[in-house]
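Presented below are the structures under discussion, each in the form of structure tokens.
You will see two complexes here that share chain A, one where it goes with chain B and one where it goes with chain C.
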Partner chain A sequence: MTSPFEPLSIGVITFNVGLDLFPMLAATLAAVGCGVLGNFLVLRRLSLMGDAISHSVLPGLVIAFLIASTRSPLIMFAGASIAGIATVVLVELVKKLGRVEPGAAMGVVFSILFALGVLLIESAAVRHIDLDAECVLHGQLETLVWYGAPESVAELLKLSTLDAVPRQVTTLAVMATLSLAFIGVFFKELRIAAFDPDLATTQGFNATLMHFLLMIFVAAATVASFEAVGSILVIAMLVCPAATARLLTDRLAAQIGWSVAISLVCGIGGYLAATAVPAMFARDAVNAAGCISMVAGALLALAIIASPKHGVVTRFIRHKRFAQRIAVEDLLAALYRASEADIESVTPERLAAVLAGHSPSETIARAAREGLVSTHAGTIRLTASGHLAAMNIVRRHRLWEHYLVDEAGFAPDHVHSAAEQLEHVITNPPVGPDRDPHGRRIP
Partner chain B sequence: MGAAPPSTLRGRSIAAISEDWPSAYQVVDTLTFQAGFNTNMVIAGTTLLGFAAGVIGVFALLRKRSLMTDALSHATLPGIVLAFLAAGWFGYQGRSLPILLLGGTVTGVIGIVCIQAILRHSRLREDAAIGIVLSVFFGAGIVGLSYIQANAAAGSAGLNTFIYGQAATMQPSDVALMGSIALAAILATLFFIKEFALVCFNDAFAQVDGWPVNTIDLIMMGLVVLVTVAGLQAVGLILVVAMLIIPAVSARFWTDRLWVLVLIAGVIGAFGGYLGSVVSALLPRKPAGAVIVICTGAMFAVSMLAAPSRGVIALALRRAHLRLRIASDHLLELAHDSGKVLLHREDIDRLSTLRGWSPLFRMLVTFSMQQRGLAQSDGNRGLTLAPTGLQRGARVARNHALWSQYLISYADIAPNHVDYSVDHVEHVLSDDLVRELEQHLAKRGIAIPAGETVSA
Partner chain C sequence: MTVAYQRKPVLWDVDYDAPPNRLVAIVGPNGAGKSTLIKACLGLVPRASGQVEFWGQSYRNSRARVGYVPQRESVDWDFPVSALDVVCMGRYRRIGWFRPVTGTHKAAALACMDRVSMRDYAGRQISQLSGGQQQRVFLARALAQEADLYFMDEPFAGVDAATERAIVDVLRELKSAGKTVMVVHHDLQTVPEYFDDVILLNMRIVAAGPVRDVFTKDNLHKTYGGRLTLLSEASDAVARAAGEL
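What follows is the complex of A and B.
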């Protein structure tokens, strides 16, 4: 098993060309191929259709094998594609004819088909066929070991290396290239079909056809992957990278780019982690396909928490900042109203009521830092810029009150709380009347 | 389980393999609970499990949680693996089912919580959330399994039976555990059935009415978790979801009443469990889960096709019947409009071309008219209408006139636009509706078209 090629070692990560090159290549290619297709599944809320297809191609594969008694990729591909299409059609039939809820219809169809596949495999195993129900789940990356691996980098880069590439890796490379090409060539069509199928139909191409093409590609990706990396990786890669990318951007092209990058990271990172992490504790390597899906899950969790646009932390910080800004604005407005009524300062009780839960001292300090108020011996005064800002807020408040009473038909004594919220979220209105419904001047 | 020792399996000749088929005696013995204590236990336990899964599956289906159950069952794998490792660390060797199932329950519940968290804290939809939890948790479980296989001491064998299930070799104590969980789930479901029904059909009403909807929902989901976990060893975590969904979906074709639905789903599930475990006992290498799913799947196919009220065949027959009735209505109306008792062949030809009837359909229409006593065949000349046929023709013509009058005077539709829609509605006006139309039109002083009245 040992290769003459010196293993590359970077920290705990050991990379042995003979042992690791082809398995890693296979895993990464499978990850990228599935990851890029997943974008449209996630968008069209079909993630579970990928799951269903990856379960139900199994009987297609076994039946194709039993009929043709060869494992040639074309026959396998044909069997899997037929099974994939059959799944989509059967789910539709059960849904429409049986009036069954979509999720349940999918569950019924794929579990029956998968059970059929498992039974067929077990019968096929009896007939000396090299298929195994467990390999279907987690693949057989270990069979991709390169026994006659070259001894130097120069030798590795020779053309003759290509002859040593195992069939599984070639198949996966073709699958990944075709998937990327499919998404690239039909990007526009897929996009319209995903967002607005009716528009697609009026534009002169068939959204249903695009749907079936996508499903064929999912089936093909499954069958290309299952031998080497197993269906668990397929399911994870069809959903996770696309879902992660969806949290990072709002543009479809960028999302696809992100999903490819994430798939690459998952494939390479997950594969290396499968050997490196157990090695840290002096243990044998664990299943790489499972590791890759765990890395995909970890990246997704990271995106959910820390995505710059939609992450939980980002949203939390945004909310907090907004609340602080509102508190400062409320403080300014209270000071302005006090000065209107010729009261020199605002009582602490009044301030606490206005700020509703925010600490008055913190809010005053924040406003002072922004140069909006100045404090002298316990009294708070508006600075010149603070006065201007406060005037704007009160102006917005009173304009809103005016609008709500005159245009929206609210009673004058009901509009204050609504205006209190709205004053913070609009830009400056141009001009308006000079009195609010309570008869106060609008600054 | 797939990892049957390959060397012994693949080395055998075809002749040796044929001995694997059980004899007729064995089949009868197993079917009638005479195949030894262990086998009987397994069959009884799986049957009970099937019943429990069918019963609680109805509520999972009605709450649209079918696929969440799938994620739940996949998410139990890492828990099983961790429980096994933890038991090893604490010096407890070998596998103890309660500990493993407890571990599975914990991660299964964590999986569901993760789905809810993803739905709450990100903009991903339910399908993506389910797919993510399912694949990541299951991937973690696979990693754990491979870790145990590569690194742990002996005793790891058998953990992967949880993936595809293996009912035949279960220990009696394991079966007893499975059976008692199933029984408890059945009893709990029957106890809470009214509350479950309320939450399933109108949770908003239940909330307003002061019911603790969230608690009831939690109990429901908890029972689903219990049954799923109980079924792991017998059926396997990939296919246990089928035991929950398929009986419920199948039963839905037979009835619209909840009690009956629960009962039928339970019976279908029990029968699937029984048959599956019998086959699995006779052919030990057949994964029990797959056999059970195929058996229940067959019952699903029968239900979907042949159920009397909502089945596909019944539906198709009803539709065909309606089409025939409408077509014969058109012929009778034609005869009525032309004022003749004899419907000429040429007239029928003209109408079939106009309506695009195939020759076969035309034949069926005339045949069904004769069958229903609306007309008699008059040799080559056509059809002679019977009195009932004439009456029906008059009635259809009158419905046509009534409805078009109504559309013109009440719905303000232009007179030359009403004919198309009237053509559909004229066949389905009930007696009550006709009376109502007559009253409305009479109120506006619109002349009611002459013809057969309902009271006549």
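What follows is the complex of A and C.
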């Protein structure tokens, strides 16, 4: 690709205003608009709806073209919008009349409508008409090149710049603004309609109406986006930022905020990854829409692995810490029981059996670090705080044993393993007598 | 009133006049149409025929005076909202379209959470609550509606003893405040203890009235016994006939 202008260099990233500004703006605006609407699709488990609408737009375009015989943007937009809304209605109909689950209804409707679009294009192509099914998939960002772009930042900020903004970018700016405004204004209503449609309806916020309003916005966002960025990006942005944001927070408002931030990162980051990164290695730019979708997917994968609340790593660490705490508690309890029986210390064999799978030396070292035990010449002793902690654990264990036998009707020789699990959970057993079912004192 | 799903009648000719200031249990076997009765009253499922009036007015004009507690399983408890957010939803009607939930409404919602001993859990994400706590959040949300007539769908289903007591306390509180509550209930043993009136329902009203008059062995046998199989078969026949038309 040859550049008509001098590229700006920011660090190692090269950014060419003429080549890159409008495509990047278009991609980012599409990403933000779809990303914010996606929150309610994901929450209502309707993620596939974006897929459905963006595919069924194709026959809408072709039919609009066949009727009006013009590619005027307004006609195309009208045809696509009607197709989008028809999809929503069709999905509801198939779901109700066909009695199938929503996923199946959406899958059936969009694949058939897309197939219809392909057939219509083929028959239209015979009549030498220029419509391309592939454009619908990955868009035409490269057509947004700005010939005669200004060379200085000061010139770029002039009002006259606005005249040069391509129609696609303006459309996407309007779409993104309206989508953000829609979510902002109807936040409360969308939330109740998504969480509890029946309550919403009884309170006068008709949930079906909210559903259709949302779907109209999704259809409009899809239609506004697909010409510039294609349907792959639309589908990815309707699902990925919202799903990623959901993993980062448990509050809807925060989730929406995160989804917008993630969409921005996807749009800008993905575009640069498609253009500037290959340029660094003297390669040609790759498809930006595809790259943005890849970034969105990568961020989702990252959140699944590393989210501080719901991530795989966090869960692993939490699980590991819990297991370590149980091992320490078991060690303390074993030492306490030994001291009850007037045994100086616990044998390594006994310890290995009590700790079941955990390394005795590591567990002892951990308990020593926490100041619960002290080691002298091979013997382990409970410290004062260790003694207190151990007493509590044994108390919980014996109280649970008492409860299980006296209240829950367990046989006395069957309660040890159950109490062994219960003693480690936070819930305190109900208070009981001072002797457990085996006649041992409850501290 | 008659209600039909997919042309299959599930409630036949229900005629009932709720007495004011009473706790009313709606009792009947699975598939008797208990939830459907409530939903039809609230306009959530279409009625095949008949009408429902609230204080002589249409439901549309009485929304603010009617509260609703849906079944706990009817919502997604993984939804990213706090317990307080859910209770605040009971105030949305009062707040109106577009306006945000203000501090006044949050304070009112917190006071309602206090009445079911859930104030300490206001900031919790709802999936972190136990089943009983979730049910109490729903109850607090109903209280936040400040209605005069309540419909509750199985509030006692799968709750712990503490929650059951809390619900009963709230029901009595509502009654002493002059309200009427209609509760879909599945535990026959507690009907005489908790409720004043009872509706015995099995696709039609078998009997309705004060518990001591209506809650008889004979009526229960009619409701749960096999005598209504004919009506159930008739429903299926109607559905089949409608399908062939």
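FYI, the second predicted complex is superposed on the first by the 402 of 443 C-alpha atoms of A that agree within 3 Å, B and C clash if a C-alpha of one lies under 4 Å from a C-alpha of the other, contacts with A are read in each partner's own complex, and residues count from 1 in each chain.
Keep this in mind: a contact is a pair of C-beta atoms (placed from the backbone, for glycine too) under 8 Å apart; a residue touches a chain by one contact, two chains touch by 3 or more.
On a predicted model such as this, the values are computed, not experimentally measured, just so you know.
Placing chain B and chain C on a common chain A by superposition gives a clash between them.
Looking at the shared chain after the overlay, A:Leu300 reaches chain B, while chain C stays out of its contact range.
In the overlay built on the shared chain, the residue A:Thr383 is in contact with neither chain B nor chain C. Comparing chain B with chain C, the partner in contact with more residues of chain A is B. In the superposed model, A:Phe205 makes contact with chain C only, not with chain B. Once the two complexes are overlaid on the shared chain, A:Ala194 sits against chain C while remaining clear of chain B. In the superposition on chain A, A:Asp250 contacts chain C only, with no contact to chain B.
In the superposed pair of complexes, A:Val185 makes contact with chain C only, with no contact to chain B. One listed stretch of chain B collides with chain C once both complexes sit on chain A; from 311-319, 347-355 or 365-373, that stretch is 311-319.
On chain A, the surface touched by chain B in one complex and the surface touched by chain C in the other have residues 246 in common.
Those residues of chain B lying in contact with chain A across their complex are 1-4, 6, 9-10, 17, 20, 61, 64, 66-67, 69-70, 118, 121-125, 127-128, 130-132, 134-136, 138-147, 150-151, 160, 163-164, 238-239, 241-242, 245-246, 248-249, 252-253, 285-287, 289-294, 297, 300, 304, 310, 312, 315.
Across the interface of their complex, chain B is touched by residues 42, 45-48, 50-51, 55, 94, 97-101, 103-108, 111-112, 114-116, 118-119, 121-122, 125-128, 132-135, 137-138, 232-233, 235-236, 238-240, 242-243, 246-247, 274, 278, 283-287, 289-294, 296-297, 300, 304, 310, 312 of chain A.
On chain A, the positions that touch chain C within their shared complex are 43, 185-189, 191-192, 194-196, 198-205, 246, 249-252, 254-255.
Residues 39, 42-44, 63, 66, 68, 70, 74-76, 79-82, 85-86, 89, 92-93, 95, 97-101, 125, 141, 145 of chain C are the ones that touch chain A when the two sit in their complex.
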